[in-house]
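Look at the two complexes coming up: chain A is in both, with chain B in one and chain C in the other.
Moving on to the complex of A and B:
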């Protein structure tokens, strides 16, 4: 054994360096790159959709102009939660910290895009016949919100790159970068210029 | 075990190799590049309420209707207005990025002057008062002409310029040497009607015979033309396109007449010959036209048998072309300047004008129609009427036609010690030659007038309402002219642009004629539903457009051909002694200068090769082989006026022996190299520069 170490000392040291890099690159680097941030309060999509029979559009509606409303305002929550329903911590925070003082909830948005990217939900849903799930996954069936992870360098959510640090995506809703938009547009025969999305 | 230096090196080597098998370097690269998009050097976009504003794009004569999306009153996106009956939602690439222009790197921020006349002169800061006083002083002591060059003379500020130039002893208000409505001006002169009262009735025509004009996106209002051409079958419309190169319009035409470069005059004259000597139907002109017999005699020598070989098409094709015009219920024969190659020679324009008249399509619905009367003024002189070396002070209005003009044409008219003042907000091919720069507002910062495009059978009126605030350092041309007049103690009405436009809106309201399209309500109403002139003005400020009624029935004119300028066959051949290689500058309306387009558009051109960059020569592969020059090689382009270095690109759609040289945009984003090819072109006496003999050789 000692002979092997002596004879192959060089390759072994090289291999250790190689292995160390793999450990750092694949495991330690993602841990250092992303910072976990808690959402201001928990939210149970499943409870609202399955148990209360609400649809996605009840909260994430399109305005008359066709513009997507995005995350609902606290006034929307107040329609049902003006008084606490239940005794959970989240309910208490919602009513006391946001609904009563009429303060907007500072949700951390998993799919927030750069300012120069213009995305029309209306045209993708109405003309493109896309389902919410195609980009947002099974968010509507979740019982609690995932931990929000922010990229320390770029400042964007981890969801933009996708959960796998390699960039390999196994589901359609993983990753929200421009190459994905282009690929999808290509697949559907759309030939849009830069100005279609970048205003 | 002792750790040696070699062990550390091997460990480092292993780590480095291993690193490339992890996402770390690639992800760091990606994240760092994204970080630079949001770092502290990039100003953050304002957050706030998203609002919509309607206005018009004043970047070219099309005047397309736009909807601006704004955050906190700062526009972040422009789109066309889908239901606008004129533009049908069209907005070109330059127009889509028009709101970037106020932040253009070539913008002139404040009054400036050049330190001298030579190439090494630099821009130095000055003040508006200093420049206005200097120009006034110069006018006072001038022995030459004080001229105002106005590239868009159909606007209301023509009144101000006319008033100012008339008040001066040697004042002149001059139109541009390259105008989209030039054909209408020539026809107007023949029938005694101002050009702004004539229009191409493209909505009702059955045939368009087009001499080289880029009808698809470079003529009149492209939204209207594209809609009409896409509905050709339903409208029973045919497009015959006459051009040596296989342009976008040539590809879309029903028939493409692929004539030899520079032979448009010969074709037009031969068509007139066939019309007068082989076709019945021109008798309507007998007695209605002065000097008709003189023209008939001159045209006789342009028989198809004599000219066909020069034109490059058969006699039968020429006769078929004339037959198409004669048998069409209505026809329009168009010819307008090329954004790069400039106007056709005067004789060609006069021949095309005659074709329209002789075919009986002037004054006829579906042809060239007379618009209903609207009170309007026009310029005093055409550019070609000005003698050389006569202008001592030249004031250049900032409006642009979208067509290039070589500086040499302007320079020819200037005296040696002349003074040039530019009101352009940008450093472009004109202002770069000025002595004094008094920048006006950039697009969308101040109100602008939108005039009627040439392809409209009726008058229109709209304004490009500002969608962002004006900069303190800019001065409106009308204001600057009033200040110069005040320094010269000239009594002057000194109306602001807004007052002039309000006044026009009032006159239109009083006509009680036509309709108003209001984009905010997406409605088209009769003007009689408008309650007051102020109400009309408010609607115009919010993107509305007034569209006049059509002139019904046929209009008869008495023609005067005494000023028709035609060449006989011998004169023509002497003027067109073109050797093997012909240099033809090319461009696209509105893309003739880096300063008139957002840097994002010139970058797209540069990186995507959507359009050839300036100083790129396109030539047929066979011509390139003959010259032993290959695509992507650098070469020297030489004319008798000078040489320049060009990048060669081969293109099978280019006619053999033609060198198509793009004038703009320049790759480095500066004004220095754009339009450089125009400086080595031959400038003719009629201020045209279409074709120049050239040599191309390896550099």
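Moving on to the complex of A and C:
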């Protein structure tokens, strides 16, 4: 009997250790790796689009040069929000802290890419016929901004890696890494060199 | 699935050495466009960053026959067996099939400097120091070009930030072919003498293509057979002799034995 107990102890200790390292690796490490940061103020896409009947292009437009303007300047907000329209906290912050002193809102951009990545919205939307949703998900229908998570080591948004720490992402908008770009370019039969997307 | 082959371009330059007065505007424009940091006092001609290096060459005659040409030397965008591409252990350098540009991705570079040793034109530069800009200069950094860090090699890339902008403008109009008027490298734009002609060598009607076939046009180190895409033009005989002298210096440098 004694021998059997001795034989089981090893595997049990190994199992516990294995489980522990899995827990640390899959749950604790990601929690330590990403730091949550609050957006400067809340924004309701649904309120603007569905209730107020605005279109995406009203704020996220292309410049004449073809450059995508991305997040609008505070002057765009001021076109409607020169005076507080609602009663919410976000409204108060927007008008008092940004519109009245004419200061740009330091939004934390979920999709901000590293400095050496070049991306042309015009090429992808106009020629590639891609939908905003393909990369950005249903951000345009959200009622509030989700928490922005930043990688403590690289300083990049968690959206670049994607929500799943294993790297296996189920939706097309989860993860914005280079392999994802390459896969899509390959699927569409495009052969591009490094400088097509790097600057 | 069928692979889309873009219309292939071969961007190239012809530099008229007879027009060049050596003012150096091209070198300044190049540095500003490509976020090359200002020189530190510790830098010298070997350790500095001069993507576009103006080399003065004299015919060594006495006055009044003395003549000097200034040769703007930068990456010659070699087409054939590109020496730097062949030696890079990191795949940080690539010959871009669509444009013919020899592209350098500094973020991939590990700083071994093999490419610098391989480059027959000495057109590659190593960042021996961290780039330093004053606060005012930081405001004028070009967002279309990523700045490099210490420990990587960098070089001329035919201002591909401007190529991106031209492509984007074309894409906004639904076209995948750029208008060549939108893609003009900074040195070409800055030259007050209009000495540099830039364009697509594959287009037989382009000015650069016609000039590249001119009898007064020559290239450096053609014996290496790397087929550079930067041409030089001069009507002076001694300039041609000088270029040929550089070509036939020794027999030891024959690439293929």
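We adopt the following convention: the second predicted complex is superposed on the first by the 192 of 199 C-alpha atoms of A that agree within 3 Å, B and C clash if a C-alpha of one lies under 4 Å from a C-alpha of the other, contacts with A are read in each partner's own complex, and residues count from 1 in each chain.
Rule of thumb we're sticking to: contacts are C-beta pairs under 8 Å (C-beta built on N, C-alpha and C of every residue); 3 or more make two chains touch, one makes a residue touch a chain.
Small disclaimer: the values here were computed from a predicted structure and weren't measured.
K.L.:
Following the overlay on chain A, give me a clash-or-fit verdict for chain B and chain C.
P.N.:
Clash.
K.L.:
Touch check for A:62: first (chain B), second (chain C), both, or neither?
P.N.:
It touches chain C, and chain B stays clear.
K.L.:
Tell me the contact category for A:84 with respect to chain B and chain C: first, second, both or neither.
P.N.:
A:84 contacts neither chain B nor chain C.
K.L.:
More residues of chain A are touched by which partner: chain B or chain C?
P.N.:
With both complexes superposed on chain A, more residues of chain A are touched by B.
K.L.:
For A:192, select first, second, both or neither according to whether it touches chain B, chain C, the two together, or no partner.
P.N.:
It touches chain C, and chain B stays clear.
K.L.:
Should A:20 be classified as contacting the first partner (chain B), the second (chain C), both, or neither?
P.N.:
The answer is first: A:20 touches chain B but not chain C.
K.L.:
State whether A:122 touches chain B only (first), chain C only (second), both chains, or neither.
P.N.:
second
K.L.:
Considering only touches as defined above, state whether A:167 meets chain B (first), chain C (second), both or neither.
P.N.:
Touch partner of A:167: chain B, not chain C.
K.L.:
Pick from 21-29, 93-101 or 111-119: which stretch of chain B gets in the way of chain C?
P.N.:
After superposing on chain A, the stretch of chain B hitting chain C is 93-101.
K.L.:
Could you give the residue numbers on chain A that contact chain B in one complex and chain C in the other?
P.N.:
In chain A, residues 67, 114-116, 118, 193-195, 199 are touched by chain B and also by chain C.
K.L.:
Sort out for me which residues of chain A touch chain B in the complex.
P.N.:
Contact set of chain A toward chain B: 9-10, 13-22, 24-26, 29, 33, 67, 114-116, 118, 151, 153-156, 161, 165-167, 193-195, 199.
K.L.:
Taking the complex as given, what residues does chain C use to touch chain A?
P.N.:
Residues of chain C touching chain A: 1-6, 94-99, 101, 103, 105-107, 144-147, 157, 160-161, 163-165, 167-174, 176.
K.L.:
What part of chain A is in contact with chain C in the complex they form?
P.N.:
Touch residues, chain A against chain C: 62, 64-67, 114-116, 118, 120, 122-123, 126-127, 187-196, 198-199.
K.L.:
Touching residues of chain B toward chain A in the complex: what are they?
P.N.:
Residue positions touching the partner: 6-7, 10-19, 21-24, 26-28, 31-32, 34-35, 37-38, 44-45, 50, 69, 76-77, 93, 96-97, 600, 604.
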